[in-house]
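Read from first to last, the chains carry the letters A, B, C and D; within each, the first residue is number 1.
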Amino acid sequence: MTRDSLDELLARTDAFIRDVVIPFETDPRMGGHGPSDALVEDLRARARSAGLIAPHLPPELGGQGLDHAATARLFRSAGYSPLGPLAMNLAAPDEGNMHLLARVATPAQIDRFLRPLAAGTTRSAFLMTEPADEDGAGSDPSMLRTVARPDGDHWIIDGRKSFATGAEGAAFSIVMARTGESATMFLVDMDSPGITVERLLDTIDGTMPGGHAVVRLDGVRVPATRILGEVDQGFRYAQVRLAPARLTHCMRWWGSARRAHDIARGYAVKRQAFGKPLIDHEGVGFMLADNLIDLKQSELMIDWCAGVLDSGAPGIIESSMTKVAVSEALWRIADRCVQVMGGTGVSGDTVVEQIFREIRAFRIYDGPTEVHKWSLAKAIGRAHPGDVP
Amino acid sequence: MTRDSLDELLARTDAFIRDVVIPFETDPRMGGHGPSDALVEDLRARARSAGLIAPHLPPELGGQGLDHAATARLFRSAGYSPLGPLAMNLAAPDEGNMHLLARVATPAQIDRFLRPLAAGTTRSAFLMTEPADEDGAGSDPSMLRTVARPDGDHWIIDGRKSFATGAEGAAFSIVMARTGESATMFLVDMDSPGITVERLLDTIDGTMPGGHAVVRLDGVRVPATRILGEVDQGFRYAQVRLAPARLTHCMRWWGSARRAHDIARGYAVKRQAFGKPLIDHEGVGFMLADNLIDLKQSELMIDWCAGVLDSGAPGIIESSMTKVAVSEALWRIADRCVQVMGGTGVSGDTVVEQIFREIRAFRIYDGPTEVHKWSLAKAIGRAHPGDVP
Amino acid sequence: MTRDSLDELLARTDAFIRDVVIPFETDPRMGGHGPSDALVEDLRARARSAGLIAPHLPPELGGQGLDHAATARLFRSAGYSPLGPLAMNLAAPDEGNMHLLARVATPAQIDRFLRPLAAGTTRSAFLMTEPADEDGAGSDPSMLRTVARPDGDHWIIDGRKSFATGAEGAAFSIVMARTGESATMFLVDMDSPGITVERLLDTIDGTMPGGHAVVRLDGVRVPATRILGEVDQGFRYAQVRLAPARLTHCMRWWGSARRAHDIARGYAVKRQAFGKPLIDHEGVGFMLADNLIDLKQSELMIDWCAGVLDSGAPGIIESSMTKVAVSEALWRIADRCVQVMGGTGVSGDTVVEQIFREIRAFRIYDGPTEVHKWSLAKAIGRAHPGDVP
Amino acid sequence: MTRDSLDELLARTDAFIRDVVIPFETDPRMGGHGPSDALVEDLRARARSAGLIAPHLPPELGGQGLDHAATARLFRSAGYSPLGPLAMNLAAPDEGNMHLLARVATPAQIDRFLRPLAAGTTRSAFLMTEPADEDGAGSDPSMLRTVARPDGDHWIIDGRKSFATGAEGAAFSIVMARTGESATMFLVDMDSPGITVERLLDTIDGTMPGGHAVVRLDGVRVPATRILGEVDQGFRYAQVRLAPARLTHCMRWWGSARRAHDIARGYAVKRQAFGKPLIDHEGVGFMLADNLIDLKQSELMIDWCAGVLDSGAPGIIESSMTKVAVSEALWRIADRCVQVMGGTGVSGDTVVEQIFREIRAFRIYDGPTEVHKWSLAKAIGRAHPGDVP
């Protein structure tokens, strides 16, 4: 894609978010467990008219084939509203699932699962995390307790998953299950017999359609043709999915943090206290200055990691570094915005309060900060000084 | 009160919170804008049976007359559940209103307003803060725009208030209004003609019955007998109310933070990751060690400030120092607890997520951290080194 | 000691530090490895005249027998100059050595070693830490490599010690050596054959006479009468020494941090920038407000831990909590003071720069912050929630 | 310069620093006020042989004409030893002075002052800051008290300067003096009558030859041909000098922080504690992981700001953002390295302790963090959201 056509795409995206998406933020169909599917469909219809459904995807899936560097710019623009990524069909978990399917799925799987997902007419889930109360796999994949066993040309899956984002209402899920000492991924229709959405979690965040569910799989029978990629390669595919997925999270939430900063700045410029505008109080102005620096550093980290991925490297260490740096920086920004705005900051009168809650969860989703630091420390311990970035 | 009888009171309080109150935390009558009045009444009935309604109040109001030091211990125990202070009728804003009325109200006002409040059969509000969007008084009282003007032996009040905690459902409010260059406080029945609860704010916290409201006063007519204390003394009374009210906030939320820490500790001891219990990972264990230190430091600051108030000093500087130190420390604790618990921490599966949201608001309620630091800096600038604590 | 006589002692101490000790801070005998012994003796002569040599010691050692609570107040006053504790003979490592000897030494050892030390006419060292480059015991006592083996009614000690504070110029050392699976402490004259001060370390701090040395022990022959306490009880005695020694460090350095704050405040009140005094810039005023809070919290932690020790409890957990909280808080204070004072802060024109360097080392001496958090985490993991403070 | 020749230059620089410069770090000619001129000359002789004197300068000054982006890479490599920039003649303040002279000086001034400086055979100073005790200009140029008044075809300068880095031993200084309402810069030989180096400051840092001096100018008579650029343009030239000078500080000290990290990493990998290498303790490993992230973010900020300057923009805001972000990040790194290494970290046994002290000063030199945040806040308050980066 040329630089000009990218600039044009970004300008259209900015306008679409500002003029079309943001007014929907106060739509009553925003519920406690995320926007309703009807609201999502409403948004997507508008994105379709605007030619803005998943423009980053490869041309064969209807997109314009952006590399990670261009995707970074697009997703940051889309994230300026928490509804933007949904409207443009580039939100988690669908976006990461599309990325994985495009790399690993068979032609038949692509037709059956990926195309409707890319078109934004279905939703999907990624069932990997397991419930803490059963000592299942949280951030430690070696603790995987969901099991798949072969049964003729089928497999039978038993287990229980948690934090299954968007499972309620999804057409299908990618299910990670133990197969012997390894793990395998399966494409499972959510209306398969034996699948039950046990309950929706009440989480601090609230912009993912379908929310986060606990899902039980009781003897779910799946044909072998629904294995995603090869048997026993689940952990490897998880890495294929995770490094870019972490990074797209950073991109989208960067946009939200920028939004919060702009709102807080506007508030601080207008609101008076103790005889002058808030922003002229160093206690406030310094917070906004810190935001500016954190925004820039986060942007640079995202672009750097995107460049690493575009070079063909797996980017495991780089995406861990970026996830930690960006999620913690965006969190500081969101917290400062709330503080700058005082009572208004902790109220739903602006979207800042919601962004604050979303970004709190981001410090945990896709691996808590501490898990990433743990693997970075391992890498540092192994490496020759020059081997880590 | 003897040390033994205080210890006995605390032991009964601990048992009451643990056995009676905590089970109500998952009661469906907990709503988005705080627990319903029916739920509060249910809890209070049980507190009454247990002899635990507002035990800190003076004997003439049915309590046992605790000083600030003993109150600190009682409120920390009560705060172990966010519902505890409500059950025991020592929650904001009623508790601070009772404190002020007991010092300033006339005998007739005491009978009419304070006694039912102390008995826990009515609720009240404190209408001081004004909406940001009208440049009203946020944390800066000099910006007060609500006005009272005399009209024979009555006063007419016009204005608009925001963050009026508990106004929805309150029997009466204490209203701060400008009278010339000064301010005066009025006791106003909430069913007075001209008072409208415009809307409830959707705030990040959610344990205050009645939530936080925007209230309009249009020509509200109040007899002169409803002036609280003397005309033009409103700012002085605000100080009488604010220093101890800040401190009781610290006490109650300390209990909540202790609760979150105990839950996170239990999780970290039980939950395994990467081959050992979470707590044996220094990344987690250090967070709990930091909590331990922050809890102790907060407790010591509260007790120190309570001692200052018990000595008869106004404690303005000391309560600002304590409010900043304790709210920020409890916030760090709550944030670490969420992080230790990963996905469970950002879900409603434990009360930790709610405590996290409550304490976020505490950094703003009763004066944001920055406003207190601003007045501390002023005091430091004025003072001889030995004059500030 | 009565409250009045304590207040009188503190007033005399404050005056002595201010009028007598502080002028010596710019004495040319302050060298890179600490003040010369001649300077120390000059200061002590003045303290003797003022009746202020080690007033906290028991009467039988010439003091007034202060408990830990009173000691806390005294040492904070003495620490207001980095030379104060030296002048008054209550500096590390002598002060901790006196504390241990008073509890464990035989009457003969008391006469031979403790009395001259208490009188301030000799100095001593505590040889426990071992060099990092030989994998000796840093903060982990189980790695002790210095060995003592019996030889008739003598013991032969071989090993190498590092960070031996004050060893150069000391009359004797307490040497920790492995004896089988345990460890034993020995009182060793520094002029014994086989003892060599290999070199002085160039450390960031610089107020301990004799500096910090690397000491080699080659077949040092010690009579059995020089065993301190009982054989194989070295680790236990180390605990007896360490908890109070950590706390007295906190007390003394608190005084230094208070000094730095007072100097920085004076600078901020007087110095103009951008049209007003520095302190009226929130960026500066907020730092001083944070100092005020950190000073108060540190003082409260010290007093709490002193109370625990006065109750007869060993205070291991409490002194770890206090060491972490206070050293980190004093560090923040020292760093802010430097920053408030700009170029003057990083110059030797005031004592702030030196205090900054001293307190940096304090975060490592007597157990780095991380080692204490590690043991706190262990305690939290073991304990019932109510068992840790 | 081609990419290949830049890579080759960097490889030669890395080898030169490692093999030639680092061994000089323990040279006895390193003194309290910086390395002696003899040591500097020794180093430069070697750099000359290696063809590594100021390779970034324009070809007409003997260099290879690097842009800011390439300079960033070169200076980071050079900074790996605190002596590296001195050896290669790209240290402050000479480097910034050369930059300014190359842009503003007359041909005669270039021959007389710049050429010997570029060749590394003289040193220079930049006399702008004034003593705090006289309310002179610290970071606030409007407080400039040094005055120049015309006297025929000469000017007479009177005033007093502080933090005059390298003034002792410099051949000449650039002196900033008030001329009416504006300021003018003069090139002044340091042996001019009326110039006195009053004293050297004892500062926490110690790698600048000549240290930091207080300089008095008593009726110093300077011909008009020694005006640098135009009369009354001093403040504008200060900006020309300051933005890139801030950035080159960031570059050089980045190298030092990288060095400290590599040393601390080596220590943590080798040193055992509590049964495993230090780095396998998360308390240590996480600190190194944080270093890795801070190093990368700092590098990215430097490269971003270099790109802005290479685009021809003045980069005032960008260099302020970068100075704050990088100095604070490098400081965290240095502090963590000290902490990781325990006692060794606060000793002179490695260069980490010195780097720690250097970088502490960097948070103040070239504008304290707070002054930069203050101007960033002003820019944010003025700007349309999209106008600041």
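Throughout what follows, contacts are C-beta pairs under 8 Å (C-beta built on N, C-alpha and C of every residue); 3 or more make two chains touch, one makes a residue touch a chain.
Every value quoted in this text rests on a predicted model; they were computed, and no experiment measured them.
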Winner on C-beta contact pairs when A-B is weighed against B-D: A-B
Furthest chain, CA centroid comparison against subunit B: D
Geometric centre distance via CA averages, subunit D-subunit A, whole Å: 42
Gap in Å, rounded to a whole number, between the CA centres of subunit D and subunit B: 52
Distance from the mean Cα position of subunit B to that of subunit A, given in whole angstrom: 37
Residues of subunit D whose C-beta touches two or more other chains: 281-284, 286, 370, 373-374
Of all residues in subunit B, those that touch subunit D in their complex: 281-283, 286
Touching residues on subunit A, where the partner in the complex is subunit B: 129, 132, 135, 138-140, 142-143, 162-163, 201-205, 212, 267, 271-274, 281, 283-284, 338-339, 341-349, 353, 356-357, 360-361, 363-365, 368-370, 373-374
Subunit A contact footprint on subunit D (complex, rising order): 262, 265-266, 268-269, 277, 279-280, 282, 284-286, 288-290, 292-293, 296-297, 300-301, 304, 321, 324-325, 370, 372-374, 376-378, 380-381, 385, 388-389
